[in-house]
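Worksheet for the structure shown next.
As written, the chain order gives the labels A, B and C, with residue 1 at the start of each chain.
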Amino acid sequence: MGFLEVDNITKTFGGLVALKDLSFEVKEGEIVGIIGPNGAGKTTLFNIMTGFYRPDQGKVIFRGENITGLRPYQICKKGIARTFQLTKPFANLSVLENVKIGAYNRVSSDKEAQEEALAVLELVGLYERRNEIASCLSVGHRKNLELARALATKPQVLLLDEVMSGLNPKETNEIIMSVRKIHMKGITILLVEHVMRVIMTLAQRIIVLHFGIKIAEGTPKEICEDPKVIEAYLGDRYEIAGSE
Amino acid sequence: MEETWEGKKPGLKKTVFSALIAIALIVLPHFLGDYLIHVITMGLLFGYLGLAWNLLGGYAGQFSFGHAAFFGIGAYTSTLLQIHHGVNPWLGLFFSGLAGLLLGLFIGFLCFRYGLKGPYFALAMLAFAEMLRLLATQWMSLRYPLGISIPLKGDSFADFQFRSKIPYYYLCLILAAGLVYLMRFIERRKTGLYFKAIRENDDAAEAMGVDVFRYKLIAMALSAFLTAMGGTFYAQYYLIVEEESAFGTGISVAILLGPLVGGVGTIGGPILGGFVLEFLSEVTRNLLGAYSGVHLMIYGALLVFVIIFMPNGIFGGIKVLVKKFASTEGKEG
Amino acid sequence: MTIPGAGVVLQSIVNGLLMGGVYSLISVGLTLIFGVMKIINFAHGSIMMLGMYITYWLYVLLGVDPYLSLFMSIPSLFLVGLILQKFLISPVMGAPEHNQLLLTLGISLFIENLALLVWTPNFRSLEIPYLKKAFLLGPVMVTVPKVIAFVFALVLSGIVYFFLKKTDLGRGIRAASEEREGAMAVGINLKKVFYVAFGIGTACAGAAGTLVAPFFYVNPQAGATFVITAFVVVVLGGMGNFMGAFLGGLIVGLAESLGAAFMPGQIKQFIIYVIFVLVLLFKPEGLFGRNVGR
């Protein structure tokens, strides 16, 4: 019995096939990266795994339980949290309130939620900004907030959807550090990214999607050298410049 | 130790201040004439109704254009029970609340189950209110062409009727103050934060473990329950219930305009707004006399004005400014 | 519920279609405004009411034939639309949708109650001799003003259709309603598009008002029933969908008329609301489809 399994997922929208027969497994405690050109179906995959879409076929199995078709809040309660590619902060609420809402996923008392939220903010480095209104944050801090909110729900699995996009190098490093800290706590991470440096740095294993199909799977080094991957991204004449 | 701006422990100064206000409110009616007491009582009532609406609209973010549905169901339930079955109006008050609650759950289930949001939800609510109005007209206007009159029983607490306006004032004060306290209680806890999360972004809320459907239903049911009881109060105050004033668009607008003017999503806003509206409608009625609906013209103009120039309302605007100020103070650069 | 005879049913069908033409005209205007500006114009009914009163007063005070008054009501309500757009609608283009709806609700409340104040709630009717005629079309009795209204409504809808399909500005309007940013990117003047679209929308409502004035009771609240019907038509036909609104108007006119034949009084209106809610709940993109984005 696996930890997290995606089993033959197919999803079409109108005439467009977003995902076709996608299967893979994630072991507890791994960091797995998912890459692929735009339109490859990565966000659709996350939406299916977190209950925002139903797949046409296939299943998502978490800890032996079929979670396909459950509502997103139920999946969160089961222990899978996510961030959104286009951040969705609670704009008129403070940073602390944003994170507290996540904390209430596991605790009921106001006091405990407050403590949880403050601890999470400390971890990701947003403690000093806890009373700021979310809509006033810069992009970098907003991404961090996305992360903090998901973390506050005390997940076992964290799905990060392009959490590094739009960040400058300093901000990117900060988030990479946060992700590492989270991973060290034992949380399994699935990360969709376009920023190659990030994926190569963080991921232990990478899955490559192209037009909704898995075309490769392996360690970062294996992926870099895989001709199918190179062709998908760049056409067939280039090699990807190395990883860290 | 609470850290958020809103959570500071009330100091001694604040308690003394509140106590003074409370005392002032309690002795006030004995210094005022009947007319003014009437105006203030109506201001309190619409403040109360606005707060009830605000629970669903300002906190959970679902703007209803049809709260008359609950108001009317409340007014009719207690009145019909009283007239046809001799049910004591206080008991009727409870049944009104129940009727509102059930109606709210029914409508809420339909709307939220099928994902109605924003203007589509608003319009659906309007449609429901209108349907109830049509039903009431169909069933009532033959037998009660001028509306249902509640027979005068004189000055009796048991009968929920008073000769003087003062007891009504106190009742309304209790309603409004009670709801203010309830809102403050809800606002800081899990339920209140969950409502706000739904208002701000319900997808994100759902992804963070909030059962959005359930909480929207809770907001709707509570709002409906409270609004319906307001309807009963109104019926007992005016001693007449008819379908246009109970279920009409006029009352739906009057209910939501208060929070809009005073500040949607605040607690003081609906109360302030309720008073502003009441004073405005009294002034226009005196100036333009003509017919009873003339205040609606002013409401329409006010609605347009508020939406364009101060969509956050009076308190809302202040609150936003203060929060932004707190943000810049807290920023580290 | 009474079961009417075949003659009554046939009569209902004809009347329903005739009235449906007018519904089509109003709804085309409403759906255009929604399609282009994504604004649900609650004030549509009161605009129509203004059209009715223009026609009424022009006849009563100056003896102008109601159909000639179209030359007055159409341009003036187009102008009213432009003014509303400039001063009241454009400031809230970026506001949350329920606020926009509240704005148009406020406008409609203001106009309707101002009319009540100035013109009193009295029902008025246009007594025009040559329009009091009716003629037999087979077994069906058809009144002249309804037929004329139907014909004009079709013609006007056709003109709008032609405008949208064949003229540059019309194409610009259609582009803006499909893909606003793309339209901007190719240099379409959005501001102008919004003005014209809103203006045409209100002009349609005003024209419809003129057309029904000869056979409807003119009163300040006349618009209210029409606006709800128009909403139902637009939601059924797909918001922003011209053909949907046009065909939807005819269908709703038919359904309403047949409904009235079978069911008394208020039930008819009640049914319209029920349809409205059902469509909102189950098929918000309408029977003819179009992304509503809820």
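The definition used in the following text is that a contact is a pair of C-beta atoms (placed from the backbone, for glycine too) under 8 Å apart; a residue touches a chain by one contact, two chains touch by 3 or more.
As the structure is a prediction and not an experimental result, all values here were calculated from the model.
**Q** Check every other chain and keep only those touching both chain A and chain C; list them.
**A** Touching chain A and chain C alike, sorted by label: B.
**Q** Measuring centre to centre with C-alpha atoms, which chain is farthest from chain A?
**A** C
**Q** Roughly how many whole angstrom separate the Cα centroids of chain A and chain C?
**A** The answer is 49 Å.
**Q** Approximately how many whole Å separate the CA-defined centres of chain B and chain C?
**A** Distance between chain centres, rounded to whole Å: 33 Å.
**Q** Report the inter-centroid distance (CA atoms only) between chain A and chain B in whole Å.
**A** 42
**Q** Any idea which chain B residues touch chain C in the complex?
**A** By the definition above, chain B touches chain C via 63, 65, 110-111, 114-120, 122-124, 127-128, 130-131, 134-135, 137-138, 249, 253, 256, 260, 288, 290-291, 293-294, 296-297, 299-304, 307-308, 311.
**Q** Under the touch definition given earlier, write down the residues of chain C that touch chain B in their complex.
**A** For chain C paired with chain B, touching residues are 40, 88, 91-92, 95-103, 105-114, 116-117, 121, 228, 231, 265-267, 269-270, 273-274, 276-277, 280-282, 284, 292, 294.
**Q** Report the residues of chain A in contact with chain B in the complex, numbered from low to high.
**A** Against chain B, chain A makes touches at 50, 52, 71-73, 76-77, 81-82, 84, 88-94, 96-97, 100-102, 104-105, 108, 110, 113-114, 118, 128-133, 136, 149-150, 152-153.
**Q** Which residues, counting only chain B, touch chain A once they are in their complex?
**A** 2-5, 188-190, 193-194, 196-197, 200-201, 203-213, 265, 320, 323-324, 326-327, 330-332
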